[in-house]
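What follows is a pair of complexes built around chain A, which joins chain B in one and chain C in the other.
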Partner chain A sequence: MINTRIIHHEFSYSNPGTLAEALELNNEPGSTVLAGGTDLINRLKLETATPSRIIYLAGIRELWDFCCDDGLKIGAMVPMRRVEKCRTVQQRYPGLYEALSSVGGWQIRNMATIAGNIANASPAADSSPVLMVCGAECEISSMDSKKNVLSRIMPVADLFAGPGKTHLADNEIITAILVPPLGSDVGTAFERSARVKLDVAKASAAVCLHREGTRCADIAVAVGSVGPVPLRAGTVEGMLKGAVMEKKRIEDAAEVIADDITPIDDVRSTKKYRNHVMKILVRDALISAWKRSGGGELK
Partner chain B sequence: MYENYQFVGKDYPRKEGKARVSGKEKYPSDLSFDHMLYGRILRSPYAHARIKSIDFTEARKMGAVCISYEDAPDQFFNVRLVSIPSATYKDWTIFSDHMRQVGDFYGAVAAETEELAEKAARAVRVEWEVLPSYLTMEDAMAASENLIHEKVYLHDKEVIIRNNIACTREVVEGDIEEGFKQADVIIEETFETPRQYHCQLETKTCVVRPEPEGGITVWPTTQAVHNTRILLGKVFTIPLNKVNVVRVPGGGHFGSGIHTNPVALITTALALKANRTVKISLSREEDMYDHVRYPSKYTLKVGARRDGTLTAGHMKAYIDIGCHHVQALAFLGVMSGFWHSLYRMESMKYEGTAVYTNKVPTCAMQGYGAPQVTFGVESMMDMLAEKLGMDPIALRIQNYVGLGEIFWGQGPTIKSKIFSDGVVELIEKGAERIKYYELKKQEKGSGRYRKGIGFARGFHTSGTGAPMPGEVKDYTTAQVKVNEDGSIDILTALMDQGGGTLDAAAKIVAEEFQVSFDKVGISPADSRSTGYDVCTHATRGVYCGAGAVHEVAKETKKILFDYASRMLDTYPGSLELIYEEDTGETRISVVGNPERTATIAEVADHAMNKDWGTAIFSKSIRKTACPPAYTNYFVEVEVDTHTGHVRILRVVAGSDAGTVINPDLARGQMHGGFYRSAGMVLLENTQHDGSTGELTNKASLLDYKMMGIDEMPDEDNFEVIFASTYEPTGPLGAKGVGEAAFNSAPPAIASAICDAIGVRFTKLPISPEDILEAIGEKKL
Partner chain C sequence: MAEHTIIGKSVRKVDGIELVTGKAKFTADMKFPGMLYGYELRAGVPAGIIESIDASEALKEPGVHMVLTAKDLLGPNLIGVLPPFDQPVLPDREIRYAGESIALVVADTREGAKRACRNIKAVITPIEPILTMEQALAEDARKIHPQGNVTFSRTLTKGNVEQGFAEADVVIEGSYTTTFQDHCYIEPEIACAVPSGDNRITLYVSCQSPFHIRGHVAANLNVPASKVKVVQAYTGGSFGGKDDAAVEIGILAGTAALKLGRPVTIAHEREESIAGTNVRHAAEIAYKTGARKDGTITARQVKVLLDGGAYASESPFVTMKAMIHASGPYAIDHIEVESTSVYTNKTYAGAFRGFGVPQVTFASESEIDELAKHLGIDPLELRRKNGLKAGDKTATSQVYDQSVGYLQTLDAVEPSLRETGTKENDGRYLYGTGIASVIQGISNGAEGVDVVGASVQMSQDASVLVGCGLAEMGQGSRTVFSQIAAEVLGIPVDWVTVRQVDTDAVHDSGPTVASRSTTVGGMAVKQAAETVRQSLVKMASLMFKTDESMIVLKEGFAVLTVDDTARIPLRDVATAAYWTGFPLMHLAFSQAEPADFDHDTHQGRVYIAYNFGTHLMHVKVDRYTGEVEVLKHVASHDVGKVVNPMAASGQVEGASLIGFALGHMEKVEYKDGIIQNPTFADYAFPSIRDRIPTETIFVEDPTPHGPYGAKGIGEPPVAAAAAAFANAVSQAVGHRFTHIPITREDIAAVLQEEV
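Our next item is the complex of A and B:
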């Protein structure tokens, strides 16, 4: 029987004040980092995480930085709620806003972080598909054996290796999420289906669409909860890229989403339902993103 | 009628409100004592197994106190003591070597910390013999060996179990064969309702302290302080004057605390063995393996004449009770009773069968059989109306059991006459408020979103009292005392489950004595200082419980008036109570002679100084009726035909509670009852994996979803109407609300979905997946 009451597993706990200290501690095998804790604490109780050391990142000042002047830079400790409440995010990145405000209740979002959400690598994570379509990147840091701090950038789309698995090395930490600026002719949208509002998505879809007149100049569609990792919907994108946008065309494109996904039956829903509802979510997200790109009512 | 009342029908801040909202209220899980040990329960990973041997060596090395079936009392009992002994099946022992579900318990360990106890529990080694498990009723009934129980006891008589059938019950009135012959229309349908989990806020918890003189003090999560005391005394052979069960505020029960939770027995066994205070709090997962609502599966056949008269009804029910009796016999009985009391039938036959399976034990939950039965019966009234070409509401008004008729409060042994009936008033007002007939006529169109309107009615019994003794015990003992400053204390073991039962008792006493609400206090209570109270269940809190307090208060008042008459040199019969709003004082005055007067405080103080005594009285009171607390719901929904999602747009709820003692709290009950019923209709169920017997959601709240605030209509779209009735047998005219708030909502929601998309669902819950499937078949 699983247990969400008692953490009987023992670990040491560190609260470093600088990134370098954190990275050094993180070189120790068996260590893991703690940001908002909304996933990690559950995993400790469920024993799907049994770290020998937990490194709490809250003491590192720069990880709290949130900048939204030219694109977004969201530090690893910035709570989702802060990003969600940002006017720039609400106006310029409505798809991101929709995804973030879908995550749990606000008590959760006051703690949870975007870095944590993607690092947890759940195929159902709400922020992953939208970050993928917006071309977001992770800023990643680590320390080598000579105690040099190393940094690298990785697209969010390349991060996921499987359910709960990322391509991060054991000693790497995501320090920030970078989202590029979007022009006024770019529209984003996020749709999800869940049993209730406060639930993990059964299926989710994110769209980022670049409009040129009546045409869709460029498009990215990503979907969640319908495969081992969040997936790009290449077939759907192929049908729309460069096309004149019409209602019928969008509906037809949404129909082929089944080619891009591999949903399963589980306790939250069925393969059959996911295959069906994903068409609805993709269609609704496409229509909404088109409108937000300034495309107006579709014929 | 409320103009006659000074306090009743008005809203005041709740007595325990400040403590609750400031986090100062201590629930069982908050309690901690010096030198306390923490316990963990040893549980089976298998759905059906026997234990060959247990090895505690490693656990003992960690310093744990260990106990198992080998060294705990092994007598049979039933955890639920509400029924009389001759109607009580006993199939429980504290521990057993025969594991009957995943999560069944064979022992427990206690250690200095909960973490250490958990480690010790994991270090216990067991040699298992895995048995074939029965995870469907069909499989269970087909089995002739490796039964879940071989023998059980009915009272003290041994009962041999065959084919895993726990018990059966048949109730017949009239001749249904003749009745169906008389019918012009006959319809038959099978209905299914889910194993809903109580999900009370606080998981089952108990603290037990062995006392130096040999007794125990117990702080449990319970709805029944006295039944817990009696069971613990019996199982552990401790004299009842040495078993003190303390009434602790509970973090919710919804019926899961009517029976003594196994955790109380296990904690006691550990505490006695360790001779230390022991506390056990279940994890949420253990709690979900501990108790769920009785599910139901039944075929219902109804015959009617063209004019809408019901000639016959036949209900054949199979109840998958899981691995233990928490009194399924009573459950089968109430199903028949609630069915019988919904609509007049010239003849009826009920056949109920309770089947053991290797699943979580089922027990009472909000409505206790009424939601299960009402769902099918009300759905069928809609179907019948359609077949007869009648208005479904008119059909109901024509046939419902109402004023002057006989009501079966809790099955066939608890019958009483109906003295108050607000059914028609509530239907008429509700239909008007929601514009039922206009909405019903509206075209559904061909768009993505379709709206539908539904209606259903029902009731719950107010308690289980009746003119004759039945199978269920029902009385409450109370004491009311006037203090020397004119304030009043109520002492009773009656539990308040959060609905405001004790506030209602205080308000009724305030009314009787015409003293302000804040001058009436609720004394802390435990089983040693109070007389028996059956428990707070069956929507009996206000009607029976506060009703008993009211009767006792009247006796205390007589004593007070006797003192006052001596003090004022007059006769008790010539006194009246006058509440002075400006001073907040209450005066006892001689009628027509206002100058002959004294405050209650002066009289009480005078009586003490003259050594006349204290105005105090205590008595056990049984109600000799169980009035139906009628409810109905009008519900408007919107179905998204693309995703299958159902949104509840608007609710008009009707409650016939007689005099409403606490209006805000009664409204809150209607909101809460509707809320959980919507969960039962759209979401909530626990299912077992067919091969492992584990819950498919791993007993985790992550995958036991309940409605949230986002799924409920906002307050402006949830209206509660109270009937203007007066229950002559109730305290100041009151009857119940509690479970009635739940019972009639599920069929109303299902009926609204049917109105929207033309599909009648007969199995709950109804998921978006089910709706899309049905829409696909119908080619909507």
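Our next item is the complex of A and C:
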């Protein structure tokens, strides 16, 4: 016995060896899938998840695939720590690296998966904003009534429906995350604020910036923990897209982040502080992304 | 001073290997045939009247054996620390806090017990809760307990504060507040009760005061204390937090075990640990300090209010301790401290590392810095000018002629004042330095008699078994006791085993509290070992055919003083002593000099010794986000004598981290009497990745009351670290924060308003 929180809810448990078996089981109403479990187990303990069946995906070999040749393809079972340790990720997707390395401690990241992190649809998930700005997509599978395996692709940005809710159908499983290749003139960055190192973020910001000379040719900014879902910061993006990048312009753009967010008071922080600190996080992420895109010191 | 071979050396924790390899068996690891599990149903409302509890549905569930409510208990259903006790094990009528247990379900599994709890129909009529001290102290307030809402109130009077303020050139006043803090030990509370055929019951329990538990469990099971055996299992931290809960669940598990004739375990979940069991008192503290222009403090007047929650627990003693320590480590002629703890409908507050001292120290040291600013005197100089020295009178007018190393702790941190490191200066970061001093009484002192019994038993192979009623809960007492026994008997540390506390086998040594293990417990071990040593020396002198004064014990041998090569292995000496009939075991008692003071003014002898300390912190504050980085933290304490530098530094580092967290982030958040953050997901406290760079500098001004001059160190750094943090951040931001924790939000709010 371990004297920690009791999972007193009863459920069936399956450990399928193939995706088809998992999808078939997942057609059963009330079933849910388990990857790293770092989130689901907590939700079981807190009774915010009460599935009748848990389908553990670890036995499905292809879900462990991790490929970083041309963009990234990260299988649903790949632990965050493996992605975080990948040199391609560290060098080409520094924003993703920053986001992943800020999730919990090593023990958590050795279990947790990116697919789980986004499928959980927490507005505070560290990987969501950065995947959104990088244009990442989810590969999604399900099985129809004739036992045909169906697949579709959905942008991560379209996944979130509300706190803890996604636009996935009940019988769909995210099987992989696809991150497009980024050119050398693209910079990414992630910033977060939390009460302690191992805490969920009280506010976070991710930036992906495509530089052309001294201009910002294209930009995506997304923020976490300041709304019901991770949000794109359209107002900020609008002020920077196509603009010549200067320190003042970045600061001005970061100031308007308040127009894009709807933070609340909770145990982690206050609405007031989140509105304030988000400007700083966005500003710092913009500056960092600009530098990483090859842009020089900002004037 | 005599040369020591083991005292003063860094010896690794003697129980470290089994702890880090998982070999140590905690209570949760224990399994007994037929064991059942208990789970407590909690009130869910902060105040109310229990109209009825209907467990019939729950009892129908498969695997459910029993539901206990107040009427099923076997004894007086009353627990507490200080008579008259005020806390029921399970309330029969009135609910006084939301986390209060009202029934226990016993089932085959923990899961089943928890499920069945949901099917108990408790009809509770809520009553308007009293949630603030102001509400509790209002004249027409409802009485939470029959005697009213004041738990305990005392006043310390030294000299005449009116006269003191009249002598002052400057008088400053300040009001300060602190919040509830949870212990956050890694192992939540747990107890396992095992009945046996001889009509006895054994409790395996994670705790810090096994005999206190034995007494309460026996009384509430309505059996003689000798029928109850309490075995302290390996304990995953306690910090003052486990005794009340261990008593509660020990009684519940024991009652169920006796009734069912089967072992019963109750293990708390984290939420139960935070919401159901004691926390550190929140405080509202008002200070008035008078000083002459030259910095001499002439008077301090303090009013301390402590929110003790629903039950007294340790509130009376915490109230006393806060009172005695409120004026700080300073020689001040005129002091008046009124200290009061108050009942509210919140989780009861009790013992927590520091015991009332962190709250008043934060307030006192903030005020000392304000005074320094007011007078234009350097904060360290102001402290030095007023600091206690040997021969000075403390707040209780007690005079120590030695072991008052306060000024040396100021000297120790002073060089670090200038070591601020390089400062990034792009306008984003603010830098600040804070110092804060602490005085903390060692031993129970005014809180009661202080006796420890310790046995030392040498086997014929010269290995040694030490038994003491004080509990090892991570603070390192096993290691310290091993060192002391080894030092006295001239054997390697690893020949010594300090057994786990089993109330059948060791002497009642009182609670493991008040930083007293090394000081009072160590003294008892030393005395017991010295008696065993006499047998060995006597035997060796017969074997060498020489005088006893010619014999030393070292490195596992009896050795002639005049010829280091003339050695007899101690196992031969011990074996011979056994066959000769010399005793090889001794039970010794160490009694701290009892307190002796006037109970109106609290003037007199209170503690056998004080630990003095000064902490210095350099911080870097992000002007934009309010984020604080502790760049340097130097902690100096007068510990009398360092028994084990590594272990002592570990105590300073751990206690400092708790203090830092109290100063910066930890708070139990209430809304309408319900705790909002009772999980580690929602309650922020530091992990190893948030630790601060503590450097420890020990001052050694020995006390005659501790072994080799040693004084305790477990608690004092909490107060000093919290206060130093507050002073450093206040200096960096240029704003006096009067409330802890000082969060990023608080800092950013001040800085934003500046802009």
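To be clear about the criterion, the second predicted complex is superposed on the first by the 295 of 299 C-alpha atoms of A that agree within 3 Å, B and C clash if a C-alpha of one lies under 4 Å from a C-alpha of the other, contacts with A are read in each partner's own complex, and residues count from 1 in each chain.
Simple rule for what comes next: a residue touches a chain if its C-beta (ideal position, glycine included) is under 8 Å from a C-beta of that chain, and two chains touch if they have at least 3 such contacts.
Keep in mind that what you see is a predicted model, and the values were worked out from it rather than measured.
Taken together in the superposed arrangement on chain A, chain B and chain C clash.
In the superposed pair of complexes, A:Ser193 makes contact with chain B and with chain C alike. By the document's definition of touching, both partners, chain B and chain C, reach A:His276. Overlap of the chain B and chain C contact sets on chain A: residues 1-8, 42, 105, 193, 195-200, 267-270, 272-273, 276-277, 280. Taken in their complex, chain A has these residues touching chain B: 1-8, 42, 105, 193, 195-200, 267-270, 272-273, 276-277, 280.
Of all the residues in chain A, the ones that touch chain C in their complex are 1-8, 10, 42, 46, 105, 193, 195-200, 267-270, 272-273, 276-277, 280. Residues of chain C touching chain A in their complex: 27-29, 31, 39, 110-112, 114-115, 187-188, 190, 265, 267-271, 624-627, 665, 669, 676-677, 679, 681-687, 689-690, 743-745, 748-749, 752.
The touching residues of chain B, when paired with chain A in their complex, are 43, 45, 102-103, 114-115, 118-119, 122, 281, 283-286, 289, 642-645, 683, 696-703, 705-708, 710-711, 768-769, 772.
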